[in-house]
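So that you can tell them apart, the chains are marked A, B and C in the order they are listed, and the count of residues begins at 1 in each.
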Amino acid sequence: MAMISYLKSCLIAAIWFVFLTFPLMVVKVNTLKNTVEWRWMNMLWVAIGAFILSAVWRWAMERRARGASQKEQESSDSDKKPSLGERLLEDPKLYRPLLGLVVALALLMPWVSEMYQVTIWVFALIYVVLGLGLNITVGLAGLLDLGYVAFFGVGAYTYAILNTRFGLDFWICLPIGGLTGALVGVLLGFPILRLRGDYLAIVTLGFGSIAKIVYENWEGVFNGARGIEKIARPGFFGMEMDISAATTFTYYLMLVMVVFTIFVTNRLKDSRIGRAWMALREDEIACVAMGVDMARTKLGAYALGAFWAGLVGVIFASQTTYINPASFDFMLSAIVLSMVVLGGMGSIVGVVIAALVLNLLPEYLRAFEDYRMLVFGAVMVLMMLFRPQGLVSNVRKTYTHSKKVHAEEANG
Amino acid sequence: MAENTQKLLEVRELTMDFGGLRAVDSITLEVCTGEIVALIGPNGAGKTTFFNCVTGIYKPTRGEILVHPPEQKTYKINGFKPNRVTAMGLARTFQNIRLFQNMTVLENVMIGRHCRTTTNILGAILRGKNTNRQERETIERSYELLEKVGLVHFADEFAKNLPYGAQRRLEIARAMATDPFLLLLDEPAAGMNPQETKDLDELIVRIKDTENISILLIEHDMKLVMNISERIYVMEYGKKIAHGSPQEIRSNPKVIEAYLGEGGDDA
Amino acid sequence: MDYFLELFLSGLTRGSIYALIALGYTMVYGIIQLINFAHGEIYMIGAFVALVVSGVLTIYGFSGVSILILAALIAIIYSAAYGYTLEKIAYRPLRGAPRLSPLISAIGMSLFLQNYVLLAQTADFLPFPELVPEFEFMEPIAHIMGSAELIILITSAITMIGLTLLIKYTRIGKAMRATQQDMVMARLTGINVDRVISVTFIIGSVLAAIAGVLVGSYIGQINYFIGFMAGVKAFTAAVLGGIGNIPGAALGGLVLGLAEAMAAGYISSAYEDVFAFGVLVLILILRPSGLLGKAVKQKV
């Protein structure tokens, strides 16, 4: 009986979605030639898809509701068995060989694959760093930044202009790009610190969009919509490199950047600064009442996130050798945000995995490519609904203390 | 008041308006060293608003808030940001518990050490000698405080998983981590059972005696207030209606009327 | 003078469109404090459905006004259905979640709906059929104001008056106001809060669909991405007027539309969008409560 009503409600959902999608999925008009195309097959697909998805949806929702009530019943000190994912991250016997394997593969990759593959991975790694950078602002400090792309653009344009107009070298521009990003972050961040979370998100969206419009229209400095071309690739002690060698070089550079970012984020996470960021995310008022300087702490998170974006912006410009405003629109901010959301806010491993998966999947599954943004959108919604902590939840560090160690020895 | 006591907090004619509503009306109040002072009154009397003004969360409309930190000059802290007030030596807890839910109990206390430590972003990345020493001190001190409030066994638990009474005690430990000379407790016994209230009672007195911290508390639990406080201020409709020792307050007709609520002006 | 009048009227026209969309933002924010990021997409879907319907009807030989009315009706029905479904799937399960969760969910929904229309239809701009007839009596002032503009002004005025009456005098309007004041209390007095929220989304979507149809026939072309900019601008209008405040949204829309038209006409049209964003940023920084909103102190 329950089964029948279950199926019935799935059927109703299917009919509802057939109705909803009818004018857009089935009908396609050409208003110039005055022709209509009726795609009846789509209707069938929608019906089947909606039926199955609604069954899955109901099951997931029930599970979610059960999970919530179970959590309340369970006492706080229950001994849960760690899942495989957690064990992989925590048990040195498991994660050390795995890490070794990953490092070895990453180092060998350019030698066993074509340049095209290496290029794809360079961009994927750029996204990893962007994700980790945004993770500081959004994940750790809880400041939802929808204009993150602006800082990426600042870095890219800084290098493009300094290089093509003033002939400055990549290596000089790399730190300059990062610092310019951070500086712009501070300048923009300063007036908006007092804003509540959702307003902050919208204002940063505004900043991001303004930045793009300025790139497009300020011909004198940014060369408008035509963009800037002939940007130099990175050099290495004056060595001449062809495109393929330069790409391989950039690939290794990005690997170093990723390691560097992880190192920095990891150290910050469990420090005085990182704790203040998290406290700010949890409860702003309690945080300032405990003596944390909100303005300084927020600016730090904002600027540091912007710093990484500026840094990889420089590398992005040097890799593509040509940039134009179209590369820096809201979609990029949205993509990076969905990586942070999927990976788990504040979780380093999660964000790295999510950034790689979300970038490489569409590259290797070509059929999937068109659906990329659709999936990114769906990922954000589904993660918020079913796993707000992300794929890999952020594990808090436990601290040891001299007395605690003694006590345990006495007990054990 | 003993003769060798010194004023720590001196509030003069503090007034706070919200639009047309006067939530706090010309309140004058003092707390001296080694004292437990209570601020009582019916719901909506303006006690928490008073706290928010003193701790910098609201900017008072009128009046003066003077702080005399021991062995320092006097500061007028009207309009100071909350973090500056805390850095000065006033720490508070919240009526509707405001812990950092998704951080561990120990980390919650460690946040309290924030304003007494100096590691910046660069220091945190490099982890120099200074940083490591500060970090160790922070951990040691936080553990100590957890011991004092009896929460060491919860140290690595998320704050949200603590039982209610323990959360209240954690708030006190967190506030104490900021090294205050005056602790402002906003209804610390709310929602506690009699046994927990009794423990809290002892904890507060112990903090005063052993840590040399004075206490200003808002409380509804009359037994607790009468037991531990030296002086009591009573507020109603934003105004101070009485002030005195527990004995005086108990027999004050105005206070009785305010609490029993009969014949009070409804306007 | 004619140039000024032309700018003024075009500003007014734009402004009333912004106002129609802004109402949806403001009503939702007033009740559940959520920036419904996907609201611009509902407007875009309304415009698209109207385009598809009018295209089909034209081919099957319907004419003029009957197409306009049918297309508008169907667009309204569909937008309402999308708005209702959106709330039910992406927002309702997140009630009580941390504040940023529904916002992120909304951003995700916005991306999803944009790309859904992109994939189901096309990425190109589609020409929108001219649904509004040229009125003869408008001939003498045609150089200042077109028939479409007149229709937009009249329709939005009627719609907004209707909304005001609905909220003031009907049962559901009263329930909406009660829920906005205090959701818990409203629930205790027996108001079905879930239903009120659904209705709020539906009403907002209907207004957005009307805006979509009007804009389609005014601008003459649409694509899957028009919801983004319109959404941002309408949100700006809502904030300008004081978010949560219904007359404020209407006022904010008109002010923004006029200011934009003047800026584009007298300064430069390249920075037209910067102008809207600039207003948004400045208002949020300097006066987050907007023109008509009341400053709210956060309770501690």
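Following the convention adopted for this analysis, a residue touches a chain if its C-beta (ideal position, glycine included) is under 8 Å from a C-beta of that chain, and two chains touch if they have at least 3 such contacts.
As the structure is a computational prediction, the values presented were derived from the model and not from experiment.
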Requested in this report: Treating chain C as absent, figure out whether the rest stays one piece or breaks into groups, and list them.
Outcome: one piece
Requested in this report: Could you name the chain whose Cα mean is nearest to the mean of all protein Cα atoms here?
Outcome: A
Report task. Could you tell me which pair, A-B or A-C, is linked by more C-beta pairs in contact? Result -> A-C
Report summary line: Taking each chain's mean CA coordinate, chain B and chain C are separated, in whole Å, by 48
Report summary line: For the pair chain A and chain C, the C-alpha centroid-to-centroid distance in angstrom is 30
Report summary line: Whole-Å distance, C-alpha centre of chain A to that of chain B, is 41
Report summary line: Residues of chain A that touch at least two other chains are 285
Query raised in the report: Residue numbers in chain C touching 2 or more other chains?
Result: 300
Requested in this report: Provide the list of chain B residues touching at least two other chains, using ranges where the numbers run on.
Outcome: 57, 94
Query raised in the report: If you look only at chain A, which of its residues touch chain B in the complex?
Result: 76-77, 264, 267-268, 271-276, 278-279, 282-283, 285-294, 300, 304, 396, 398-399, 401-404
Report summary line: The residues of chain C that touch chain A in their complex are 33-35, 45, 48-49, 51-53, 55-56, 58-59, 74, 78, 81-82, 85, 89-90, 93-94, 97-105, 107-117, 119-122, 126-129, 228, 232, 235, 239, 270-271, 273-274, 277-278, 280-281, 284-285, 288, 298, 300
Requested in this report: Spell out the residues on chain B that touch chain A in their complex, using ranges where they run on.
Outcome: 55, 57, 81-83, 86-87, 91-92, 94, 98-104, 106-107, 110-117, 119-121, 124-125, 127, 131, 134-135, 138-140, 143, 147, 152, 155-158, 161-163, 174-175, 177-178
Query raised in the report: Tell me, which parts of chain A touch chain C in their complex?
Result: 16, 19-21, 23-25, 27-32, 34-36, 42, 61, 64, 142, 144, 146, 191-192, 195-199, 201-203, 205-207, 209-210, 213-214, 216-217, 285, 330, 334, 337-338, 341, 370-371, 373-374, 376-381, 384-385, 388
